[in-house]
Amino acid sequence: MIRVQRETFDVGAEIASLCAGDTAAGGVCVFLGRVREFAHGAALQAMTLEHYPGMTERQLEALDAEAQRRWLLEKTLIIHRYGRLLPGEAIVLVVTAAAHREAAFDACRFLIDCLKTTAPFWKAEETAAGSRWVDARAADDAAALSWQDGAAAGGS
Amino acid sequence: MLTILYFASVKEKAGCGEETVRLPAAVTDVMGLVAWLRQRGGGPAAALTDLAAVRVAVNQEYARLDHPLTGDEEVAFFPPVTGGAP
Amino acid sequence: MIRVQRETFDVGAEIASLCAGDTAAGGVCVFLGRVREFAHGAALQAMTLEHYPGMTERQLEALDAEAQRRWLLEKTLIIHRYGRLLPGEAIVLVVTAAAHREAAFDACRFLIDCLKTTAPFWKAEETAAGSRWVDARAADDAAALSWQDGAAAGGS
Amino acid sequence: MLTILYFASVKEKAGCGEETVRLPAAVTDVMGLVAWLRQRGGGPAAALTDLAAVRVAVNQEYARLDHPLTGDEEVAFFPPVTGGAP
């Protein structure tokens, strides 16, 4: 299941609702991405996430389907926000539930690694010096690439 | 009609987020569209000067420069994505 | 921070409280272990976790300290329950918060992998056929061993 | 005095969870304690028949069979642990 939304989300409620009534998922892995105050040296006042409505949902759905194809998963959830966010606010949530923890961990990491390099979101950081677009990280490309040959674990 | 979308820093350079154009008959793929936009000049031409920093999607799927165009697609130009979290 | 307790815990409240006021942790990784209904073929009615009071806390503290030594972490939390648990109930929670997601994922997986082979807990499963002690999984030993040489990622 | 603890399936075989003993002078390590308990007979002897399935802790830290004992430790015998989650 995927959601792209402006408003924040309740991490506990999302996990609880995903797992409600489920007695097959022994392992649940969650990744929560948050806005950091000191991202690139300067104090961040806010971050604005622009996205490509329509393509974003398609990309997240495709990633979700790929994870379900690669691992035996009971449940998956991806929520990604857009708009203006303050330090400490949640940006993205990935939840994977599986019978065993290995699949839950691998799928969760796969989803966030690949999301970062394929989902059309762009961050602009606001500091005292003004607003500027964040450049893509080479490390993110490497992490996403590490999954291309069906690797079981993400990059270091 | 072809819809062209620009996002993030590419949008800022282009000076607009969306435009609709009638594709010249000579343009048959993304590279042809880029060449035509560059020749047309203005913001979009500036935004597409350095293609190494630009990603392309056709009908909301990532596409290469040799992706064919018939003239009724949605083509998007944007920088490498930076979503997710640290 | 570690806790060993009989009562259940509120996953969302634990994550929220751990992250409250923190603007340095960009990545939070959570692992939630739950009681499965069909563990070894037969339907599980309940599971009872026995532990070694005192040694359990020492082992979890030692693992927590080792994770903090290996990775740059903003926050860590391990909660492990004992006593009688029903299918769907939470058993264990591991939360790791770090500036970047790589450290959060690696440390979370390290903690749950090593906890499984070093923390003195023993599960007895109740089915229609009665109660029996669960045997240790060879896969768990392998996962824990994969961390011994300072490996960056857990076993497959 | 030495405190001996038994847990889980080892406790069931031993027939008790805890006992306090005065260590014979001849016993100087964990292996010596195991030999003495086996010779003493009863539940604990049966529980310690197959050491491959038994783990040992001395003063709440994992210990090997050659770990020295002075006679005032807490020694625990238990099966390989199975906590955590699937």
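Think of it as A, B, C and D in the order they're written, each chain with its own count starting at 1.
We take it that a residue touches a chain if its C-beta (ideal position, glycine included) is under 8 Å from a C-beta of that chain, and two chains touch if they have at least 3 such contacts.
Computed from a predicted model, the values in this text were never measured in an experiment.
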Whole-Å separation of chain centres (CA-atom averages), chain A against chain C: 22
Centroid distance [mean C-alpha coordinates] between chain D and chain B, Å: 72
Inter-chain centre distance, chain A versus chain B - centres from mean C-alpha coordinates, in Å: 26
Residues of chain D touching at least two other chains: 84-86
Multi-chain contact residues (two or more partners), chain A: 26-27, 31-34, 36, 39, 99, 101, 112
Topology of the chain contact graph, where touching chains are joined (line, ring, star, complete, other): other
Interchain contacts, given as pairs of chains that touch: A-B, A-C, A-D, B-C, C-D
Complex interface listing, chain A residues touching chain D: 26-27, 99-101
Chain B-touching residues of chain A, taken from the complex the two chains share: 31-34, 36, 39, 49-52, 54-55, 58, 80, 91-92, 112, 115-124, 133-137, 140
Interface residues, chain B side, partner chain A - complex: 5, 7-9, 12, 57, 60-62, 76, 78-86
Chain C residues within the chain A interface of the complex: 10-13, 15-16, 19, 21-39, 87-88, 99, 101-102, 104-106, 108-109, 112, 139, 143, 152-156
Footprint of chain C on chain B - complex, ascending: 84-86
